[in-house]
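In what follows, chain A forms one complex with chain B and a second complex with chain C.
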Partner chain A sequence: MQLKNRRQSLTAATLTLLGTAAAGGAQADGRSWDIDSAVLVYSESGGRVQAIEPVVKGTLDLGGERYFSAKLVFDSLTGASPNGATPASTPQTFTGASGGGRASVTPAFETPLDDRFKDTRVQGVLDYSFPVSANGTLGFGGTVSSEYDFLSAGANLRYAHDLFQNNTTLSVGLSVEADQIDPVGGAPEPLTRVATGGGGGGDDEGEGEGENEGGGGRTQSKTVTDLVLGLTQVLGPRSLLQLNYSLSASSGYQNDPYKLLSVVGSDGEPDYYVWESRPDSRLKHALFARYKLFSFNRDVVDASYRYMTDDWGIASSTIDLTYRWNFAAHHYLEPHLRWYTQTAADFYRVALYDGEDQTVAHASADPRLGAFDAWTAGVKLGGTLNSGSDWSARLEWYQQQSKLTGVPAQAADGLSKFDLQPDLSAVMFTVGYRFKW
Partner chain B sequence: MKRQTLLITVVALALSACSSIGAKPWQRSALARPDMQVDADPVLAGLDDHIYFSKEASSGGRGFGGGGCGCN
Partner chain C sequence: MASPCEVLIDGASSAQTAELAHLAAAEVWRIEAHWSRYRKNNIVHRINTAGGKPVKVDEETARFLDYAQHLYQFSDGLFDVTSGVLRRIWTFDGSDRVPDARQIDAILPLVGWQKVDWQSPWLRMPAGMEIDFGGIGKEYAVDRALGLLRAQTPLPVLVNCGGDLAASGPHLDGSDWQVGVEIPGRADTPLMTLRAGGLASSGDAHRYLLKDGVRYPHVLDPRSGRAVTGGPHTVTVRASSCTEAGVLSTLALLHGPQAEDYLRSCGADAAVWW
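After this line comes the complex of A and B, so read on.
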């Protein structure tokens, strides 16, 4: 009897060491991984960016509310992306930076694209969270991401505290990320002339002073520090509210090393091109609110709003709505609508007027820094199999509608014959599968 | 002093409002559902964040805004 008791206490001690203490309700008969996997296929119209992104994430319940997770993301991109230049009445020739110096010709009246855009990204994330008191949970994680011209490493620390019988949760998180950018051919000197392969549109003053072939620039770097303060409040037995404030400070190299601007005459035709120039720091503030409601004793409404503003002059609003219709015991249909709007950065310019590249401090024609509205509409179908595994399939459409800003007044008439900011549309298809392993 | 009294009154009112909202432990069956969690599908949300981060000038809000990618 005594022996039996002793064996029991030894077993208990061993389980405690292994982290499977009975207090956590964990199974003594071996742990299992919760595997959450998904594949996203993203396709832009007009032969632009195509992407395939598989993700797999495994979470291990170590008992006692302790969780370890590991996530691996692959990201394969091909296709073309606007290089920032405006269309011209005659063909334009560019030696795309990411294409290794080979020339490409853009037909007259078409938006110049860097059509040899190709990239593969691999990202790994590790995370661990555990209770530090009856009401407090600490979490920390690390991430590494690698592309052929980009390397990123980050770490984060989070703390969450439950109050008022778990009706209120306060949280704080800090994240630091260090990025290293190695542009193909080196980082070009901002606002210096781009070497072109000749061509009708460009003035092709080949020997122009300050001309830069994109070579010689050193490896560039930037650091991003994020602070997130959160409040989650249970409003009642069927609803809750989440509020977040986040601050993001980025310092270092902010340019897209492959983006340029056309410098045009009053006729709107390009005389030459210069590399873009952005400030070397950016401070963003965001407020995020999410409301969740369990409705009709069956469905889930999820509504969120985000306001973001930064010191580049960009302000944006995002409204996101999903309605999960649990139409059968193990199946659901979830329509989704998202609306987004942003104002342009102060230094966003469709093109620069002749000589303006000598007077401005910063300029970028990157469409992502321009003003636009965007809509996402989609539907997700999902269910639970007899094995307990969950599956989902989601199809969505994304459409950006640009609002023309940043046109140089002296060349406005000349440029008016071109489609300066063509709209972007994309289709996204995602399948997801979660299972125990 | 007046301002202090006002502050205490406001805080007390706010706290009393808090006590009338929320759910008792036995009223939490809906809140415990997987689809009622604030981040019910984190892998899908991560994919969405990456797409929008690379196509728009905003990021973050829901969580950390850093993208860990050279796409923006």
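After this line comes the complex of A and C, so read on.
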């Protein structure tokens, strides 16, 4: 029985080999799709963000090194993420924009979370690459992504050139993306007061009521242009080096329309809240280096380093190490370790001091713009079946440790009683399956 | 290819036959030039002389390497495109020079697809190892040539390269192609029929060693580095393509005395001569 199945796999593999020239059968068109599918499950601790993300990508080999691919990604997110406000000694109430004004109450001393964080995202990508000369390959693609409050469309063009008997590959890529953001309840005017629900935020409830109503509402947009220059060099019998430089320029609406900041007094308690404000452009430079080493005639070591810096004052470094241990003919085990560190954006503030919202141009309490270190550790197990299909399963742990910056000096004592930047941990599990179809 | 090739077309004019035969021959020669291990300027030569460095291969070779990988897994290591180096110690010239265990042990580290790092389009092989597509190259060329001819004519076509052949369909009158199978040491030529698809034979032919009364045929198990003894003289398989038939007939021979059991377990349409 098993051998019969294997015979079918032989027939299928032979048809693939023969391509369109397959003899003697109705399946004369032996072109087949190479289907890569995966499901990622992501879960943050403490009831924060939970996500499930199925991905399917099909690549069609059109012969003559021409490839067409189509990819579909589906994202489903639930849970809560910090809304930017600091904890307080009394319960705080926030009105969720998407919940039709439904108020949520954060208990005293807890980090306020935005629990209406529910979203589904659908993304589609089409791509085509083909040789333009004996050594040159051109590729272009398009992508569309949609969420309930976000629409994005992008296009890219790439060229790769092989030199020195394919020992060196130079590449250049350009991509442009246009985003449209339609925040629920309108895009709030930056640094204006947030309307809060009754009973929250200390003694001045109502002070900011209504201030952001009608303050936004217009569709916001952003364009992102990326340029990537790459060099891949075969160093010797057992190693490869890859270098990339990338430049990313983003202009337009950069705010997270749901993030706010607490404006606190010297006691560290919030007087009111204001919507965050980010610059309307961002320029990023990144350098990436990867070294691949084939070891023991069996395994692969992959080490990479990435440095990124931007004009918001963030600089980050990522060190990533994987070791692919081909412990058996058709199976491998791949431990993975990643270390990440970033500095805070110049305008990152845990909170603003009373009245400071009138003097600063930009401020955000988004933890993603703060300083932190993060470790990712994981292991992947994979193999090849008799049918030629590949499978893999990967389990990873993520642990983020914040480094406290951006605390207003006048309120530092008052705020010191709170856990201002709780650490974050998450577990990720991915299963993948690749097959011919 | 050391074997003569022929193209038969039912109902074609001689001019058309000549034109199509020319097309088929060009394809067979192209593949031979592309993958022959006797040539100095092709991809196989670059791979075999890379000295352990990664080599980027063309799309057709990549498909062939994917196939080689599949065959290696399909056959539990019996079908191995890296086994060609065993020829350095096994010379099937009818003599009694059977290599000893020491010679075999010395060469075995250079055999084994599992030692090859194949991540399409990059192939990296430890220095000293070689790949050889000879085991299926001819059958592949037959299928490719037939594929080209099918695209040119709706008439029934048969391409035959040294007994490995493929047909696009039955004769115009609906009858099957009659194929004579040459069995070494037999006076008669058993006939097999072929309607559409491929037919391929594997045998130890005239290439063997004879020592202490044991016949060592030109059939080498890449896992042990030793000749497979006690198997049939010739195995002929009919399948949907010549390539598939060739793979199954080769694997049957490698199963030695269990050749017929193996063919049966695969559901192969085969004839075996002992």
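In this section, the second predicted complex is superposed on the first by the 394 of 437 C-alpha atoms of A that agree within 3 Å, B and C clash if a C-alpha of one lies under 4 Å from a C-alpha of the other, contacts with A are read in each partner's own complex, and residues count from 1 in each chain.
What we mean here is this: contacts are C-beta pairs under 8 Å (C-beta built on N, C-alpha and C of every residue); 3 or more make two chains touch, one makes a residue touch a chain.
Nothing here was measured: the structure is a model prediction, and the numbers come from that model.
Of the two partner chains placed by the overlay, chain B and chain C both lie in contact with A:Val300. With both structures placed on the common chain, the touch criterion links A:Ala329 to chain C but leaves chain B unconnected.
With both structures placed on the common chain, the touch criterion links A:Asp162 to chain C but leaves chain B unconnected. Of the two partner chains, chain B is the only one touched by A:Val228; chain C is not.
In the superposition on chain A, contact of A:Tyr340 is made with chain B only, not with chain C. Looking at the shared chain after the overlay, A:Gln358 reaches neither chain B nor chain C.
In the overlay built on the shared chain, the residue A:Ile314 is in contact with chain B alone; chain C does not reach it. When the two complexes are overlaid on their common chain A, residue A:Ser281 makes contact with neither chain B nor chain C. Looking at the superposed arrangement, the partner reaching more residues of chain A, out of chain B and chain C, is B. After overlaying the two complexes on the shared chain, residue contacts for A:Leu240 are found with chain B and with chain C alike.
Overlaid on A, the two complexes show chain B and chain C touching the same residues of chain A, namely 165-166, 234, 236-238, 240, 294, 297, 300.
Within the complex, the chain C residues that touch chain A are 46, 50-56, 58-59, 63-64, 66-67, 69-71, 73-74, 77, 114-115, 117, 124, 126-127, 140, 143-144, 146-148, 150, 166-169, 196-198, 239-244, 247-248, 265-268.
Residues of chain B touching chain A in their complex: 18-19, 21-25, 27-28, 30-31, 33, 35-36, 38, 40-44, 46-47, 50-52, 55-66, 68-70, 72. Touching chain B in their complex are the following residues of chain A: 36-38, 40, 42, 53, 55, 57, 71, 73, 75, 119, 121, 123, 143, 145, 147, 149-150, 152, 154, 156, 164-168, 173, 175, 177, 179, 181, 224, 226, 228, 232-238, 240, 242, 244, 246, 248, 256, 284, 286-288, 290, 292, 294, 297, 300, 302, 304, 306, 308, 310, 312, 314, 316, 318, 324, 326, 332, 340, 342, 345, 368-369, 374, 392, 394, 398, 400, 424, 428, 430, 432. For chain A in complex with chain C, the touching residues are 3-4, 6-7, 9-11, 13-25, 28, 61, 63-65, 162, 165-166, 234, 236-238, 240, 294, 297-298, 300, 329-330, 384, 386, 388.
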